[in-house]
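Across the two complexes that follow, subunit A remains constant while its partner is subunit B and subsequently subunit C.
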Partner chain A sequence: MLQDLPRDWFALFGLPVQFEIDQTALTQSFRELQTRYHPDRYAQASEQEKRLAMQITSLLNEAHSTLRQPRLRARYLLEQAGISFNDDRDTTSDTGFLMQQIEWREAIEEAEEAAEPLETLEQLMKGLNTELQSLEQSFARAWQTKTYLDAKTTLLKMRFYERLLEDAQSRLERLEDGL
Partner chain B sequence: MALLQIAEPGMATLPHEHRLSVGIDLGTTNSLVATVRSGVADTLPDETGQHLLPSVVHYSAGSKPQVGLVAQQQALQDPLNTLASIKRLMGRSAKELQTLGGQLPYQLMDAEANVPRIQTSAGAVTAVEVSAEILRVLKERAEASLGGELSGVVITVPAYFDDAQRQATRDAAKLAGLQVYRLLNEPTAAAVAYGLDRQDTASTEGKVIAVYDLGGGTFDISILRLHKGVFEVMATGGDSALGGDDFDHAVAGWLLQQAGLENIQDAQVLRHALVLAREAKETLSGIETTSIQLHDWQGELNRSQLNALIAGLIKKTLVACRRALRDASLDKSQIQEVVMVGGSTRVLAVREQVGAFFEREPLVEIDPDRVVALGAAIQADILAGNKPDTAMLLLDVIPLSLGLETMGGLVEKVIQRNTTIPIARAQEFTTFKDGQTAMSIHVLQGERETVDACRSLARFSLRGIPPMVAGAARIRVTFQVDADGLLSVSAREESTGVTASIEVKPSYGLSDTEIETMLRDSMQNARVDMEARRLREQQVEADRVLEALDSALQVDGEVLLTVAEREILLAKRSELSAARTSSQVATIHQAIKALEQAAEIYVARRMNASVRAAMAGHKVDEFSADTGFNRPCQS
Partner chain C sequence: MAYSEKVIDHYENPRNVGSFNKADLQIGTGMVGAPACGDVMKLQIKVNAEGIIEDAKFKTYGCGSAIASSSLLTEWVKGKTLEQAKQIKNTDIAAELELPPVKVHCSVLAEDAIRAAIEDYQSKQQG
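Coming up: the complex of A and B.
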């Protein structure tokens, strides 16, 4: 999907092509572009212009949400650098890491049985976020030194943590809904 | 074809024309209409000075439906023909209504129907038609009060309304003859009315607020970041089937139990219990204890008993608040203001618990019943083009994830909840049989992993896929959610560029034909009037198109067009100029379309040039090539 959209999203927002991002500058530039192209600005225009405005802001929103989220930004950078992904096959062979993943998964499953399941799950999610942040730092280093394959491995590991987070969150929400 | 707007976004093409516009809050319990006059938003009263229009419609055989207070007064004598809280039925199937608690005291025609029809003495009606009656009354009120026809309206919907519920609201507006500029989320409208963006402008980060909106039948929580007129929704959550009505039902259940009437089926007694429950709830916001008489039973209800009866419901709203905070990646302490919206936030226990949850005193300055309509009016005024210099911009999100059915009854999410709209995402599919020319796609909305636990929006059949060997076709399906939060879907086979046709089967909601039929029925009386109006509209539109074209040509007609292209355009221009004087709507319409078509390339080039300048050398056609859009999913 990404490959069909314009390539230079960093330039779109006037940002340097790098992993560390100036969130304030991104937000400001996003707001400026939105102010200019949002469909609300074309409420009295022709159907064609309305449609164009909708397509442009759709793209702005896609680009903004990609750059704002570290893992999506990381993947975007690697794809721009010519690194390819295969979502069905790409995985990691780091057995230590995989063991850790199993432990996390068990902890999440067991959390539902804990005395305070909601709090326990939230604590686990905090821990997962900390792990993600440290992986983001590794990614930034690998990106800087142009060791793209290391960067890709780090990114795949980030995806593992995100899946755990998604799992923990959906369990949390199911518990909340049952309250 | 307001070509000039590219250079000057938001500029009305006819600068001196003030377009009449209103904001409408189509509520579960009450509805309101508001407008901006001399820069100030205010709700419009009816001829007796009442601003709130009870969202109640009374049907009787052989006469026009009654709306509002007069209808409400029939509720006790004629409960089955007096339809209240109809918003709870919007976009819902008969089956869903039963699982919502079966609290609606109406007779449904068919328990299996996707669009439930309620039996009344004036015939069967759908929620869309009932809502249209309410909208018509507000439209008449506004046009009488403003002295002219409305050019467009903004109608508010709960932020947590799904696609089917939004589409139903749009259909109701269409039936009422309203041109909808935008569906606006209620909490966002309230944030606009409070104007909190105007404070603290020094900070580049802006101000983060929470809007807690508990109405008669819906609950929303939205978290927004405000910065110099830009209202950016960070997360939204809620329950489109939770509101003050449920408080009333909880109290009514207690009353019936106390009176030994818990098994009674009499619609009149049930309605009476509900009315008493509501009165008691409202009274207890002012005093500690109230006495009640139901049938032969006489007793008292005090505030702490009330609080106990509704505690579970309030807790549910706080769970949604927690979730919205989590989605926005924020801690409670980062919320700088909490705004209370909706009549049900008058209940003291609600204010107390929301205050305790966010650890701050919530804002209640603006009448919680009127604040949403006021915000909608401000937005309508801007969309009408009456405030060309405004900095205000609302960036809203989609409340529920959109996904597709995959193998094994699972749902794969295509667009996550709380994604800023408009948004487009494409997904690629392939064929699994040699020569396969058709394919079906099931679109769902919701957060769960399984099809059963999500809400079915529509089923699409793609036809006309060129026959190829299995796996060779690459069908790219694009999901576009517009600024109203409505989904449309288009599909294209990538290797041949063939656009697959899409057949839409909305899971809920009315089909185009049904809406057309209803529209025709409701318009029979007003036909002559409508014709005249449409002619006037077409003439105004023709003037607008001509003027826009002339101004644009003056600016860059020579740069962007060849001599031949300009000649063609000018020929079409003279044709429209001649057609303008015709008394035939169709003649003018065709001439406008012809000119617009001739100008398409010019519009695209202007947009391109403008975008290119702004986007550091991007080619606009990289992302505007797909023009197979605009096929609404639900209509």
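Coming up: the complex of A and C.
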């Protein structure tokens, strides 16, 4: 029984294979499976079954944390479609996009000197979230139409916005701590 | 993760930080980003009439290794011809800075940036 789990992570949680996801259904299904395969329930089982239950628990955690995060979910979908990633070698050379990135970085740096630094940072983060959402929508369209290389290009841009958001968030927290 | 002393030195005292006017014909600008971590690097070279890189500047938004890689590279390319600068490999940068394997992509970024800057300069001369 333990071995019969679907290999595909969407199938594992009983979800359709697509970018848009029902987070509530994902969480609910994750909890059910987590309970069903909890190592405590295999305390009396054979050593082999205990080990399998452990492996399944860690697989469930990995699958769940991948699918719940849009960028990781997008990457999983592309990898399943045969698109490969090389984190050491993949670079982005889209000059227009990179110029925008530098402008965002500068805006975040300058926000601290603004008259209302907290509001300015919050406003910037709102803008960054909008950009991220629009990338997610582009990804969903590209994946649906199977234009996988476009989908990959879109996905690779997401990390840059996440990074900007992390940067803005930590500056925001530092400012709030200082108040 | 422990940075090497060389990385810390370049990180704390980055060489050649700044910008040249992108529109200047003598200037080549290379921009690259690392999608794995969101780092962005801008590297500019100033090339004289003899085809020698006489100055270089960079602006990098990223981790210590990315900053050190671009800082070191701007030092290395000064005084080199474009052909010589093209020969610089990311592995040379990674070796000099003793980058750990997880940070090798920062040196790849620097290599791609200098290539992009040279290409930008050369395409300007033809245009």
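Convention: the second predicted complex is superposed on the first by the 147 of 179 C-alpha atoms of A that agree within 3 Å, B and C clash if a C-alpha of one lies under 4 Å from a C-alpha of the other, contacts with A are read in each partner's own complex, and residues count from 1 in each chain.
We adopt the following convention: contacts are C-beta pairs under 8 Å (C-beta built on N, C-alpha and C of every residue); 3 or more make two chains touch, one makes a residue touch a chain.
The model shown is predicted, which means the values in this text are computed figures rather than measured ones.
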With the two structures laid over each other on chain A, which partner does A:T154 touch: subunit B (first), subunit C (second), both, or neither? neither
So, A:R163: does it touch subunit B (first), subunit C (second), both, or neither? second
So in the superposed three-chain picture, is A:T92 touching just subunit B, just subunit C, both, or none of them (first/second/both/neither)? second
Which partner, subunit B or subunit C, is in contact with more residues of subunit A? B
Per the contact definition in the header, classify A:H38: touching subunit B only (first), subunit C only (second), both, or neither. first
Pick one for A:T57: touches subunit B only (first), subunit C only (second), both, or neither. first
Which of subunit B and subunit C A:I102 touches, first, second, both or neither: second
Tell me which partner A:T120 touches in the superposition: subunit B (first), subunit C (second), both or neither. neither
Per the contact definition, I'd like the list of subunit C residues that touch subunit A in the complex. 31-40, 42, 59, 61, 104-105, 108-109, 112, 116
Under the definition above, what is the set of subunit A residues touching subunit C in their complex? 87-95, 97-99, 101-102, 105, 156-157, 159-164
Touching subunit A in the complex: which residues of subunit B? 1-3, 5-6, 9-10, 12-13, 152, 181-182, 204-205, 227, 230, 232, 315-316, 319, 322-323, 326, 379, 382-385, 391, 393-395, 419-428, 447-449, 480, 482-483, 596, 600, 603-604, 607, 611, 614-620, 622-624, 626-627, 629-630
Residues of subunit A that touch subunit B when the two form their complex: 1, 4-6, 8, 11-12, 14, 24, 28, 31, 33-46, 48-49, 51-52, 54-59, 61-62, 64-65, 169-170, 173, 176-177, 179
